[in-house]
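Chain IDs A, B, C, D, E and F follow the sequence of writing; residue 1 opens each chain.
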């Protein structure tokens, strides 16, 4: 297993740990994505993110990788802090694993700065999702009272 | 070593649960039969190569004689079917021209061509039937006898296609109704298996010669060990000119025809 | 790497599901019922509490109540006892639940949801359970178990999808219903079920709309239909002697997109000249009693036949609604019948005898309309729906408790030209729930709803990407309320509509003015030139 | 409940089926319970192996004989008591001792419901009877 | 079990077809029971002609099975996209054909209940052992390929990566099955008709003509029955394959005939004489063999001219000609012709009996049943997509 | 871990059989008393459980409909998956019980490229079906030991089952299949993470018992052989209540017998009752004719409702404002006339 894969593996496992209940055991251990839809989303997204961290940190790529994971976490009952904590989980993993492996590459490519930038982007994304949630909540209420509103609008009582 | 009552109980008891019991039975029995072979006759000696020489001239002496055929077929419970298609035969006669199509000349054909030639399985050195059998139901024993395990034959008839001598028959029907009198010393066959001449290996085991040879008053059939230089068959083959059927196929027949 | 995984395993063993405790978090649970609603319905143990409180203020003899309630129900419902006893835990149901697929929480596997109650059943009602306890999967009834029940029985939409796949037909909905009944006994119920139920009990509908407001809304809809078509559309209310009583879910005259469906009905009825009436008393077809207890369901349902009898109608026509139809189809006649004061339904337009409704005497609007179309009684111009690329969501109850699958499709295929099915394992009897049924469609539960709706949304996304689908048609009021939200989050760009909205759009009415807008008030796009 | 008679009928049927041995035995009291007496040879006192072994494993022994004799040409069997026998079911077993196949083999096979082996298709018994087997 | 429920929906005609096939299978099974109880004497086989219709049909269908390679190879090795859909149809045809082969071998056995002996006591020196491995492996491979690719299509996901090596392996394996099957015969001394090095090439050539011809006919039938269109270009490409294969096959037969007759070695000559002229007064195969030759000639003429080949009606005629011609040549002449005259010069007439033909027909019907079900499933998957 | 206690339980039974058979009293207890007791428990327990289900009413008709309903004459109903008649429900049950129809639908949820894919997954169906049918064949075959004379269908069945001549005595196809499927079903509980998570010790117990029974049976047939005639004598004796302890009762036979007894006795207390229960499942065995035929709930009791009169009273003013007809008003007017 090469260094990147090892890092990814740890990242997935530790992120999964922050999930509720027994889900954690299933999410991290079940390698078969077929049996574990949420875990699979996690793994795919984290893999994409890790690739970007090593590469150009392309904003749109990161955004599309963040979307599924944050979108899921936003409705998984995570607080905003919790939802982006998975990014900060990466730092200790790198510290643990990087010195043993090809650290030259790692040190140059991924520094805390990049991770911090990612955290900010994740937080933004999370806020976006929360805002969207709030918006669709409002829309729902509005739809429920649609007729009354229109009656009121049309025939001022 | 003898198997005692206790041993047998042990075999059937739980003591051998761990060991595969069947294997044990076999192992024990093997030991005893080895002893048996030391005491009585050897199953078949390694240095033997059974073979046969048929003196065609002698064979012709008595016109229409089929004593050997009858002897063989009654000894081996060979069924007699009237329908040619379903025939089973271990030993039979064919016109010379069909048996030795290459050995005839235009001049000899007239006389020799229709003379009957006695046919049996050639018990080849390198039998094609053995190679093709997918279940090892037919094989050449170390004494040269090509034999068939009727218990194992699946009836695919590949051996019949492979045999260049047409020596093999198939039981298209249940043979039993077609056997007039059963010889209790030899099993009958069941439908769906292939059979052929076995050089009377059951008689050889008892130290007897083949039934056909024994029954021939003219002594036209000589049977013996081809490996033994002073055997009767070797002596005969030394003194008279003999041919094999289709030697060019490389099968090495052990049946020789003295012409 | 494997050793790292191992380390995690040690820290957090896979464990036994029976030990797990539930964490209540806002956004994923429904709030408790307000005491006033419970009191109004004369149900036991009203009190102020919330699920995330540590102390649920259970009555002192709560355990006794629960066990007594279980015992009673084990004697009254064969399904309950059977389903407690014959599950072999083969796991075929596991990934059939939309909540499991969407949340990954293993206790959302139907088998485990049922085991939450089975474990208690074994402990108190079986010999082996009393003797061997944990060895045979029995566990003590504790407050934590009650909390777990509350969490997971209000995280099941009783959609019955698992029951389709179960080799013994074990229906988690039955178990959830029993669980909720038992919880009701100790006053642990949710407001989003109890409030509509109390409203419905009092005013006749979930929203608590009083007769004058009801009339207002209906009149408003009639006016709007008039505006769109230019025809004098009238809606009789509480009219005695009409042939047909029309019952719909109250959302139809209150929210969107339900409201457009109502416009569709009204136009249809006008066009065929139906002799019908709506009722301000039976102004709700939906029945939140179904989500609480059989008894409450019966109490709320009683008004339908009562009103039909009072108005001396011949039979009942029911609008587009999911659980309303589960009650109409599987419970109403048994609970409040026989409906011998009504007549076996016959379509006044086509003369078709609705043989399948001979006893209950209630006909689904889709059956009624499909029959009209089949007999050529309606003139339809499907081109008016050309802006829509339609797919159809089978609502759980009509599909898995009735088998109403072809009728709505027949209407849709006649009313619009672009129709695409979702993948085959997500429609018809295998349809995925919207994630908000059975009283879970509330705002405080939004995040859990979005999780539960994920599989449905995913199938829609598939046809959206493949065929450009932009409209999800359905025949359920809860769907119409919650699918738009689900779509907004997971598949932006897909709207939701009732089948009869599309029919209303396509319906060419005698004497109508040329339509300039569709029922939503949006300009009618004519694509004839490009299409033909 | 309307389905109660149906369920009880089904249950009765089930009970009837699982208790087949009991009522079948009770109905047919004449049927032999014990294994039919084996017709023992008049002249021989001892089989090739102890009776208990033969009872449980005679087929194994015969199969073993078959393989040895047919494939390896080993035709002699030394029994546990030192006697030597031919591995020949016809001569050793059927003609010398168990002359009546019906009385000796088939009776027991019928009793135990052991399907007939195909041996008799080829190996002759003294009467050369052949039960047609499907 | 594999998406089997999709084969359970169909119109009246579909069920009529299925029912009649079932009846044929039933009739065949009854005749097989007859054969089982009475022995193989119920067939027309004899001591001299000990192999007949069963083995001949087996040989023919090994060819049909092997021909799947003619669509698999262009699609997977040369990325010939036109064969995209036909490929699955070809693989399913192979699965069907191999299953039929196994059935034909099974009914030919004198002791079918001992069939497990082939596994229990394998004889690696026997070509039949290798044929079992070749056919079994080919069946598994094609079944796996068809199931996996079709499942992937239904789920609209890419097929798993491991299937690619299996597909690649199946290409030489297809050549292998027919080569090994030819070696079954061509390695036997004393059967001069088969004792020829070009038997395997001849088998392959005839296979690559008859199999694709059948596939063309099936595709055209599907177009008529279900509206599925394999695509004009794909059909035309197949027709070209048939043309070349047929030409090569005819050339190889001519080569055989030349060798036999020019050398005038009686053993070689006699078999051709028996088939095409008649021997010892037995001429009962002569008509059929000449019919086969004639049909091949007609087919080659129709196929060689592009204008005719591109005409669907003429193509159908040509394909039927090819199929029947090769069926007569391989499914009749090859085995019987090799068996007569016998090594002892006997010419025994072989005519299949009624039960024998019914069993063969039953196996054909089960093959038709399989292919119907397979294609039904496949087409409904495509329709759903 | 969860599998440990059931494994120990099965091993304990085996140990009992091996040790207990050494004394005569033990033999009588294990070979006669235990089987009788177990069979009695099985029979009484099974009947009790089924009768108890039968006595509980089915208050509502709640079939799970898995296809199109029978409504309008021109729409083709799914008469098997959504039957509208008793006969249809019977056929649906037949499919369910003989072919495991519902399990046949099984599929597997997975995500591919963030898209939910519901793929075909029928191994469980195949394994379960093959297991149950083999079990039935094996049970029927065992009748040869309990019934004298042996019924013809049992002989024919045995002959067909052992048609392939593998070994002596012939290896039964059903034996091979049941062993294979049991191994598969057990392995599935260990290897499939979902199945592992939801399995309980009792789930392994049934599997281990069955595995033990099959293994000991095969051992008796092929390895540690027993005298079949003596066994039959023993079995027949048991059946007619004249038990004889014969020499046939070897340790391996005792193991087999005791495991079977354990399974039989355990049966009515366990999930194995699904055998009887599957027939009674109200979501499957009822016709979906709810609206055309009234279903009666035997305990249907009156409930407190909110009647129209009460409602009208409460909203009288609002009704008047809205000009909606009033029932009470009408009545007054009529009487006033």
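By definition in this document, a residue touches a chain if its C-beta (ideal position, glycine included) is under 8 Å from a C-beta of that chain, and two chains touch if they have at least 3 such contacts.
Small disclaimer: the values here were computed from a predicted structure and weren't measured.
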{"item": "Identity of the most central chain, Cα criterion", "value": "F"}
{"item": "Among all chain pairs, the one with the most C-beta contacts", "value": "C-F"}
{"item": "Farthest chain (mean CA position) relative to chain C", "value": "B"}
{"item": "For chain A paired with chain C, centre-to-centre distance based on mean C-alpha positions, whole Å", "value": "32"}
{"item": "Computed distance of Cα centres, chain F from chain B, in Å", "value": "59"}
{"item": "Rounded Å distance between chain C and chain D, as computed from the means of their C-alpha atoms", "value": "67"}
{"item": "Intercentroid distance (Cα basis), chain E paired with chain A, Å", "value": "57"}
{"item": "Junction residues of chain F, two or more chains touched", "value": "53, 57-58, 108-109, 116, 118-119, 165, 192, 194, 197, 225, 280"}
{"item": "Chain C: positions in contact with at least two other chains", "value": "14, 17, 95, 101, 106, 216"}
{"item": "Per-residue multi-chain contacts in chain E, two or more chains", "value": "114-115, 117, 120"}
{"item": "Parts of chain B lying in touch with chain E, wherever the complex brings them together", "value": "84-88, 94, 97-99, 101, 128, 130-137, 152-158, 160-166, 169-174, 190-194, 246, 249-251"}
{"item": "Touch list for chain A against partner chain C, complex", "value": "1, 5-6, 9-10, 13, 17, 19-29, 35-39, 71, 74-77, 132-133, 136-137, 139-141, 143-148, 150-151, 154"}
{"item": "Chain D-touching residues of chain F, taken from the complex the two chains share", "value": "43, 46-47, 50-51, 53-55, 57-58, 143-150, 154-156, 158-159, 162, 165, 168-170, 225-233, 235-242, 247, 276, 279-280, 285, 298"}
{"item": "Touching residues (chain side chain B, partner chain D) in the complex", "value": "2-5, 7-9, 11-12, 22, 25-26, 29-30, 32-33, 35-37, 39-41, 43-44, 141, 149-151, 176, 182, 184-185, 187-190, 201, 205"}
{"item": "Chain F-touching residues of chain D, taken from the complex the two chains share", "value": "1, 3-4, 7-8, 10-11, 14-15, 18-22, 24-26, 28, 31-35, 52, 55-57, 59-60, 62-63, 108, 110-115, 117-118, 134"}
